[in-house]
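As structure tokens, the structure follows; a few thoughts come after it.
Chain IDs A, B, C, D, E, F, G and H follow the sequence of writing; residue 1 opens each chain.
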Amino acid sequence: MNTTKTTVGVQLNGKPAEVEDGASVSGLLESLDLHPGMVVVELNREILPRDRYEEFTIGEGDTIELVHFVGGG
Amino acid sequence: MTEVDTVQGAEDALDTRLVVGGHTLASRLIVGTGKYATNEVMIDAIRASGADMVTVAVRRIDLDRTQEEGILHHLDPEEFFLLANTAGCYTAEDAVRYARLARAAGFNEFVKLEVIGDEQTLLPDVQATLEAAKTLTAEGFKVMAYTNDDLITALRLEDAGCVAVMPLASPIGSGLGVVNPYFIREIKRRLEVPVIVDAGVGTASDACVTMEQGVDGVLMNTALAAADDPVRMAHAMRHAIRAGRLAYLAGRMPSREIAVPSSPTRGMLD
Amino acid sequence: MTEVDTVQGAEDALDTRLVVGGHTLASRLIVGTGKYATNEVMIDAIRASGADMVTVAVRRIDLDRTQEEGILHHLDPEEFFLLANTAGCYTAEDAVRYARLARAAGFNEFVKLEVIGDEQTLLPDVQATLEAAKTLTAEGFKVMAYTNDDLITALRLEDAGCVAVMPLASPIGSGLGVVNPYFIREIKRRLEVPVIVDAGVGTASDACVTMEQGVDGVLMNTALAAADDPVRMAHAMRHAIRAGRLAYLAGRMPSREIAVPSSPTRGMLD
Amino acid sequence: MNTTKTTVGVQLNGKPAEVEDGASVSGLLESLDLHPGMVVVELNREILPRDRYEEFTIGEGDTIELVHFVGGG
Amino acid sequence: MTEVDTVQGAEDALDTRLVVGGHTLASRLIVGTGKYATNEVMIDAIRASGADMVTVAVRRIDLDRTQEEGILHHLDPEEFFLLANTAGCYTAEDAVRYARLARAAGFNEFVKLEVIGDEQTLLPDVQATLEAAKTLTAEGFKVMAYTNDDLITALRLEDAGCVAVMPLASPIGSGLGVVNPYFIREIKRRLEVPVIVDAGVGTASDACVTMEQGVDGVLMNTALAAADDPVRMAHAMRHAIRAGRLAYLAGRMPSREIAVPSSPTRGMLD
Amino acid sequence: MTEVDTVQGAEDALDTRLVVGGHTLASRLIVGTGKYATNEVMIDAIRASGADMVTVAVRRIDLDRTQEEGILHHLDPEEFFLLANTAGCYTAEDAVRYARLARAAGFNEFVKLEVIGDEQTLLPDVQATLEAAKTLTAEGFKVMAYTNDDLITALRLEDAGCVAVMPLASPIGSGLGVVNPYFIREIKRRLEVPVIVDAGVGTASDACVTMEQGVDGVLMNTALAAADDPVRMAHAMRHAIRAGRLAYLAGRMPSREIAVPSSPTRGMLD
Amino acid sequence: MNTTKTTVGVQLNGKPAEVEDGASVSGLLESLDLHPGMVVVELNREILPRDRYEEFTIGEGDTIELVHFVGGG
Amino acid sequence: MNTTKTTVGVQLNGKPAEVEDGASVSGLLESLDLHPGMVVVELNREILPRDRYEEFTIGEGDTIELVHFVGGG
């Protein structure tokens, strides 16, 4: 996780994390080296439309879930 | 086995394609993608099985590990129809949440609904499953519902708008085969939507027996992934599903306790 | 099912050919030619089954009727390997006589030895079978001996020089399937010559279960001839034999009464 | 079965029959319209070599069995 | 069988009595009173069965017919503990109504709760059963709930305060025996209240196998009433229940595919 | 269970006694005396089983050890009918030798003939058994012949003068139960001498199922000796044999896949 | 069913019936020759306490159910 | 096994043994503390009648088998 001088504390995939203040969801994915097409994002329990990740900015205390498909039966 | 090729044309006319929620499948076998030793073995096994619909699970990305774990790095969505499941959910609310996340991935509106009621047996919570099924069908999902072998529940899942009802043959990962063929047969006899037996198949004969009950398809995962040779077992299962289906359609000979000669009794020498 | 073709090449590498008495068979399924409604259905069913070795019986020509009944008017000896049987014989002497007549027809030295001990059950007379087997092997016959599921008798038939031992799954024409898999498995475990299960298979899953015991092949007749649709059932049986064989070679998953999830338990959301 | 002025009585496939006196086995088959290649002949319990049917003549009281392959399991 | 008498004392020490909702039963066999050819046969069969708890149904008095149909004209409430059922009810509301009527008869607070979900299979409506169970236990009833073999439902019926959970062995009146011993065994393993298998037992070995799963008792009706000789079958069932129970408690030998001699291998002569 | 006593009188009328070679047995259960942890447990178990005929083996006296090993120091020949076996013999000659030694002990002319054909499975050598049976019956022995489940052999053993034919349920000491009920049933249907199933019974339900096939009795040893609690299992087996016998005589209800209510469908409230 | 000059119409065990006007439940049972101890009475969907049958009188339009135990499984 | 100055060598229950020269079978059993009623004796492959054990004397090279009943199934 990249750390900058000004960050906000969030809950990211179940763990506390620091993300750049005012970062967009697309920015977050980029910083995590995640291809948007491979991820589904839930911000504070709300699923974000994939084509509008850049419109959502992350704030202090946000809960973010980044999910994808894995092998399962 | 060149005779397979030569008869293939003739054989295709012997069965119809399975259609679930408007989607036509090439195979009556649906396979899972979990628990394989390697992704290479998984792909080879799935190809050998002939299945075109495969199930996947929805999980958090593990940010501490390589991203390679994502199944889409290995499974081409162009080649396979991805059926997301809600495995691991113990409440209707959780199952609905996972289904929505799965749909947001943008592949299709299908979901394999699973709401587990007990950790030790992984048996379904039929009440919660029914509740989630109603919510999801109302939201436009095409729900394929994993359930137990209870006819009453199966009928209600059909009423709730599920596009397929998927009773278990025996507990997930048990490999005990169809323990109660009567119930499976009755469910098939009474429902109009496709009945796809999900969970419990352990080996080829289990798959064959299941299809001989007249059901529309079988979904399996562990029987392939946990076989000593998953690819070879996948070939076996492809044949077993065909064998059981065709035998069901062909109409078996009556079984009787007395013997009946297969060679003529007349024309013997003095 | 085009996936069958595409995987065929890969599949051929997954099993070896069955060799009996020096003769290599293309299929592990051997079929009879009795009791079909018409000769056309018989031929179509045999072709669909993929079998290349077929059994025939030796009988008097019926001089009062059309000669069309002779099987050779319908079955091309170039296409199929003819295995004559001694069906209908109740003594070693009769069986030997029929075997000699069959060999005189000039196709091959193979004979499916059957000496029946009881008209109601068509169960073999193992003592007479053993006696006839010794006589015939001494005369250079390649004896494939129909017997019951008794290991001791099977071992002696092997000692007598039989090129294959053929225990029953259940009585001829009963369609009860493999009633005693333990005995069949033990016979296979202890013999070196091919073990081909003969008689009793009723439907595809029976054939599949039989092959899963590890035996080398299956011989059937009534299961095809008495099915509502013999040709479709023959396709089913071709697949079932492959399925059971490959599943045996693949090594099935262990079966357990407790459940084991096929999707990851970690990575669940909060 | 063809009947001539001089015949001998034989047992043919389990039934009494009259065949031309001194007829050969090949003659018999011909008279029965049976192709030798499709038949195996047992004369008085002895199987005859197919290529020598004409050498065997049928006499009074002979027992003849003409067999072939039929469908069986 | 005088040996039975002589060992009786010793035998009584080998098992405990079944206690349901505070009531101690003399026998682990509970029997129904329906479908007997005559009331005389019914009484003789029940006595032969050794059962002391018997089920009865609640129905309208037929005012056009003799009153003899009332079961109390034949069954002495002093001799037998009457367990009223709600058979024939298809809704929770109906079942509650019948249970209240039964209690008003003044014998006891016990009720065998049945809410049927389908006329053809008589399978229980588990949701309605659960709902009725909650209502009735709240009203002070001691509910013995007929259900299917689903563990999750069984656990909830226990949570709802049922004094016994009664999963089916197979459908009512089918006589198919315990089709799914795994599920029955698991239900017994996980519940604390008595598990009494209800419905499906067809003959003595079915009852024996059922008790060998470790359950606390068996309820049957048709197996006795529809036997050619109900009284003799009732004797058989009394023994079968004891046999299965004692075998379960005794702990059976391990079963193995290889043989083990029961006579010494040493001490043979030269 | 006082109800047992009270119905005992009535029950005795429900079955006849088993008569073998002119000797009337009190029980249809015959038990072995091998492999018990202690002689005390053996005696208690045999008494609990209700068996009056018990098998013993013929062996060399071990001159280096205490003589206590002799069974007669523990088993009163006045209380039990001693049936000597030829266990451990692999040839007809040996079996005849052991039978003669047994008879010389002076108790009776009965012998349980066993000629084993294979050390791993302990399956009988039916040819040698038949040969020994002829020799022994000619010498005046009353031969009870252990054999496999082959009808033809069973018929010949009867022809040879055996007073009882004893087919196996499954291999000695395996505890697999009746693997092939069809063959056992057919043997019983066709023979006139008593058919007593010997070997393979593992628990009470196995004994019950065996008797339900209509056979005249069961012989067991390991199922008792190797149970965790042999005495309790012996009680179980006594009941199981009675249960299976009476159920066979009573005539079971027909089993059907559809359900049939056991309570009246008329008389429901509005 | 006995009929008197003055009766009221009721629904009795699913069938229309006439019962004496002002009759008590105990009277009804008596007229039907039913022993009270053998019957449970539901009047207009309410179960009546057995020891107070005489307190309840039957009126026009009442729905009466008389039930008992029969053989059942 | 008791040993005296003059003995003969025999095969007793599969093992070489020395028994008193001229000893009878009953004497042997006595010396082995075996009750005759509990034993069956085979002398040189021939079963001896129990009531005549004293008539049989044991000689050099004899093969003796002493058998009894043990637990068996």
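Quick note on the criterion: a contact is a pair of C-beta atoms (placed from the backbone, for glycine too) under 8 Å apart; a residue touches a chain by one contact, two chains touch by 3 or more.
A quick note: this is a predicted structure, and the numbers were derived from the prediction, not measured.
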Report summary line: Note: chains that touch chain E and chain H both are F
**Report entry** From the options A-B, E-G or F-G, the pair that copies E-H, where over half of the contact pairs coincide
**Finding:** F-G
Query raised in the report: What chain lies farthest away from chain B once each centre is taken as the mean of the Cα atoms?
Result: H
**Report entry** Separation of chain C from chain D, taking each centre as the mean of its C-alpha atoms, in whole Å
**Finding:** 35
Query raised in the report: So what's the Cα centroid distance for chain D and chain E, whole Å?
Result: 74
Query raised in the report: How many Å are there between the centre of chain A and the centre of chain D, using C-alpha atoms for each centre?
Result: 95
Report summary line: Averaging C-alpha coordinates per chain, one finds the centres of chain E and chain F separated by a number of Å equal to 31
Report task. Please list all residues of chain D that touch 2 or more other chains. Result -> 14, 42, 65, 67, 70-73
Query raised in the report: In chain C, which residues are in touch with two or more of the other chains?
Result: 32, 34-35, 57, 59-60, 62, 85, 87, 120-121, 123, 171-172, 176, 182, 186, 221-222, 257, 261-264, 267, 269
Query raised in the report: Which residues of chain C touch chain A in the complex?
Result: 261-264, 267, 269-270
Report task. Could you pull out which chain D residues touch chain C in their complex? Result -> 1, 12-15, 32-34, 38-40, 42, 47, 49-50, 65-73
Report summary line: As the complex stands, chain B meets chain E at residues 117-118, 120-121, 123-127, 130, 148, 150-153, 155, 170-171, 176, 179-180, 182-183, 186, 190
Report summary line: Seen from chain C, its contact residues with chain D in the complex are 32-36, 42, 55-63, 67, 69-72, 82, 84-85, 87, 100-102, 104-106, 172, 199, 219-222
Requested in this report: Mind listing the chain H positions that touch chain E in their complex?
Outcome: 14, 42, 63, 65, 67, 70-73
